[in-house]
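The structure appears right after this line, and notes come after that.
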Amino acid sequence: MLAPAVLVIGVFMLIPMFIALAYSFMTADPYGGVQAPFTFDAYIQFLYQRDFDDSLIFASDYILIIARSIYLAVSTTVICLALGLPVAWYIVCQSEERRRVLLFLITLPFWINTLIRTYCWILILRDEGLANKLLCALGIIADPLPLLYNDGSILLGLVYTFLPFMVLPIYSTLERIDSRLIEAAYDLYASRVAVFRRVIWPLAKPGALAGATLVFAPALGSFLAPDLLGGGKKLLIGSLIQMQFTSSRNWPFGAALSIAITAVILLVIILRSWTAPKREAQA
Amino acid sequence: MIELTGVSKSFTTKDVGTVAALKGVSLRIDGNEFFTLLGPSGCGKTTLLRLIGGFEMPSTGAIRIDDLDVAALPPQKRPVNTVFQSYALFPHMTVAGNVAFGLEMCGWKKADIDARVKEALALVRLDGFATRKPTQLSGGQQQRVALARALAPKPKVLLLDEPLSALDLKLRKEMQGELKRLQRETGITFVLVTHDQEEALAMSDRIAVMRDGLVLQVGTPKAIYDNPNSRFVADFIGEANLVPGNVLGRDHGMTVAVRPERVTLGRLNGHGARAKGEVAGVTFLGLDTLYEILLDGARVRARVRDAGEPFQAGDTVAVDWPDTAERELLH
Amino acid sequence: MSRPFDWRHTPGFGTLTAAILVFLYAPLVILVVYAFNASRMVTIWQGFSTHWFAAIARNSDIRGAAENSLIIAIVATIAATLIALAGALALERGNLTFGRGLVTGMVAMPLVVPEIVVAITTLVFFSALGMHHGLLNLMIAHTVFCIPFALLPIQARLKDMGGTLEEAGRDLYASEWKLFRRVTLPLLAPAIGAGAIMAFVISLDDFLISMMVSSAGSTTLPVYVYGMMRLGVTPEVNAISTILLAISVVFVASALLLGRKRRAA
């Protein structure tokens, strides 16, 4: 019964990953693909470039790209958390009917075509876009602002894409909190802030962490937001990898990057699942 | 009709390891009998029921139904039907559809099915409900549909898993009578599981009292009530005073069991009473008055009907009971 | 304070939620509005018009890409849903003791691994095998990442249903196959529908994996539209984007609503 599912995913996901791992240790074929000699070149490329005399010079380009990607992914996660938490709390405090409607409204955008959702922001943020037109019309500025093609617009796109997905896990955790716990806290003279800090947040943490993981991982490897909203000039890991398989024709390097980013995400997930049971045992 | 020999069942789970739910049970249940498995939760009564029904296989032992060895047979192949605790009515079928299901699965012809469905619904007094859906029914009605559905295929044995636990008191009393009537009318062996000893006493022809995976005593309600074979049974069925032997000047290791309604209280007048004690509490219950007496080393409850001369807290009284009312129990 | 203390009411949160909902939906609304803009100058409103949609419909490249997307989506949906059904039944009704964690992990893989990694590993896989069958490659790739989306609602519903109804069916002499057909399947149908719709939409909307895996003759609609977008903002782009948006919304909404039918036991 299970065989088809395991087989299909095993063959088409696990095996490719191993092939990619193998590829990362091979040499780039100038026409795309890989060729024989096994080498660490791809991994060395993370940090070093070969000079004309074949010596290695430390190059920070790729490290910077990786660092920027991580920074943007973390920022996205933090912003989504800061916005998602109050929204989740608000929804939990509504009546059953309104909850369902609100959850539906919040969840729907996440499943809508990401390409389209990202494109909308081009329409709004570009020089002749809605935002600038409004600001000019209101007389706030004279010339259009370069709202697009920078880290800010990428961040905006990422938050826009992933915010709904942060709300759901937090909501599920909050929903399970017994309202009598909160009433008890208020009964014992706690202020709103104290109730949040001492009662709500500790109970909501698992949900927040789940949401954070669900946002961080895809944000790190995101392609569309950096590509469309970053103008393709400011590279992040996602677009860097994609380039290796198109214009740069450096499959091993692309494979190496993919392995690296997957390893990072797996690490995050494993760390989370190690700390999670301990927390539950304490609760 | 049903013979269980040396049946035991163990479950292994990741969290708690191996648990022995049944530890070697042997029972005989006769045809046309209303038999009840009675015991506190965790005693294994539901496991035993499920073993008869075929939802679990025994770890050891043999199960025979009507002289057929069924231990290896799945539920589909046993002439047994079950009324589940949650009723388990198919929500996407009508009442008639539910009742007809077992018949369809056995390949009955349409005309026969229709006739039998009508019969079954009439049997449980739900005529006219055929086209309703389970979600439109009350708890009591759903239960009767579950009964009709299980009775329709004319099984040799009907299993009932705590069928009345979800009903309110009045309905429960009503259904106790209904179940008894159904068993009489159909002549099918009923095996019922409950933790409610009053229910067991009211409905059963015979009861098996269970505890911790073992059957402690099997007998008619009266036999078990009058002659409990252990402290547990004496205490579980009805109320019982359990007085340590040494308090009455007898063997140290033995317990004397006597029902509160057989205890008589009288003024001290020197005639040899079994024991003397002080009245610690008096509770007026309308028909009866419940006295709590402190003996030297034990508490005894006396249930006195139409107490003529009521005693008061602090009075010293003579406590007595007829010889036939007591049982000496060793465990 | 005019109202008595209600800890459920946190001042400002309602407004924030409303603002966020506006934030989420406004850009989409703006897109739709512009798609109906008669003017070629995308930012000057010149009246309501549908002629950009007509232009789209006449574009044979777009029609070709749309056909590809549709074919791939249908095949992937059927395959993924069947596989997911088998998998969900095995997980929730089978006697899996050890494999559970492993299987659940594997099924979750397409969701957890970043899309770009899935895309290039798939590309690498087909290349290593020497498989260059445009549409077939895409169908396989889509099936794989659609499986988890189809599986989730089915598994959730099976969990909800609990095993007692099936025990009752067996008690009433139903064979395993008849049990599945008469009891399990009818009750599972809405969840299977929701799973299938989700899989369909996910496949239609997929961009990254399709871009990496597709070859010259097998472009899918999102990939083609992306190409249009890179060339610049035009009304045609707005129009086709609106169509894609509408399809997304309709299908996702129906999947979410179908998956919610919990009223029946």
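Letters A, B and C mark the chains in the order given here, with residues in each chain numbered from 1 onward.
The rule is short, and it goes like this: contacts are C-beta pairs under 8 Å (C-beta built on N, C-alpha and C of every residue); 3 or more make two chains touch, one makes a residue touch a chain.
Every value quoted in this text rests on a predicted model; they were computed, and no experiment measured them.
Undergrad: Are the chains arranged, by touching, as a line, ring, star, complete graph, or other?
TA: Basically the chains just string along in a line.
Undergrad: Nearest chain to the global Cα centroid?
TA: C
Undergrad: Taking the mean of the CA coordinates per chain, how far is subunit B from subunit C in Å?
TA: 53
Undergrad: Compute the distance, rounded to whole Å, between the mean C-alpha positions of subunit A and subunit B.
TA: Computed value for the inter-centroid distance: 60 Å.
Undergrad: Could you please state the distance in Å, as a whole number, between where the Cα atoms of subunit A are centred and where those of subunit C are centred?
TA: Their C-alpha centroids are separated by 19 Å.
Undergrad: Subunit A touches which residues of subunit C in the complex?
TA: For this pair, the touching residues of subunit C are 5, 7-10, 12-14, 16-17, 20-21, 23-25, 27-28, 30-31, 34, 42-43, 82-84, 86-87, 89-91, 94, 96, 99, 103, 106-107, 109-110, 112-125, 127-128, 140-141, 143-144, 147, 151, 198, 201, 204-205, 207-208, 212, 222, 225-226, 229, 233, 237-238, 241, 244-245, 248-249, 252-253, 256-257, 260.
Undergrad: Any idea which subunit C residues touch subunit B in the complex?
TA: Residue list for subunit C touching subunit B: 97, 164-165, 167-175, 178, 182-183, 186-187, 263-265.
Undergrad: Report the residues of subunit B in contact with subunit C in the complex, numbered from low to high.
TA: 14, 53-55, 74-76, 80-82, 84, 86, 88-92, 101-102, 105-106, 134-135, 149-150, 153
Undergrad: If you look only at subunit A, which of its residues touch subunit C in the complex?
TA: Contacts found on subunit A: 1-6, 8-10, 12-17, 19-20, 23, 33, 83, 86-87, 89-91, 93, 100, 102, 104-109, 111-117, 119-124, 126, 128-130, 133, 160, 163-164, 182-183, 186, 192, 195, 217-218, 220-224, 228, 237-238, 241-242, 245, 251, 254-255, 258, 261-262, 265, 269.
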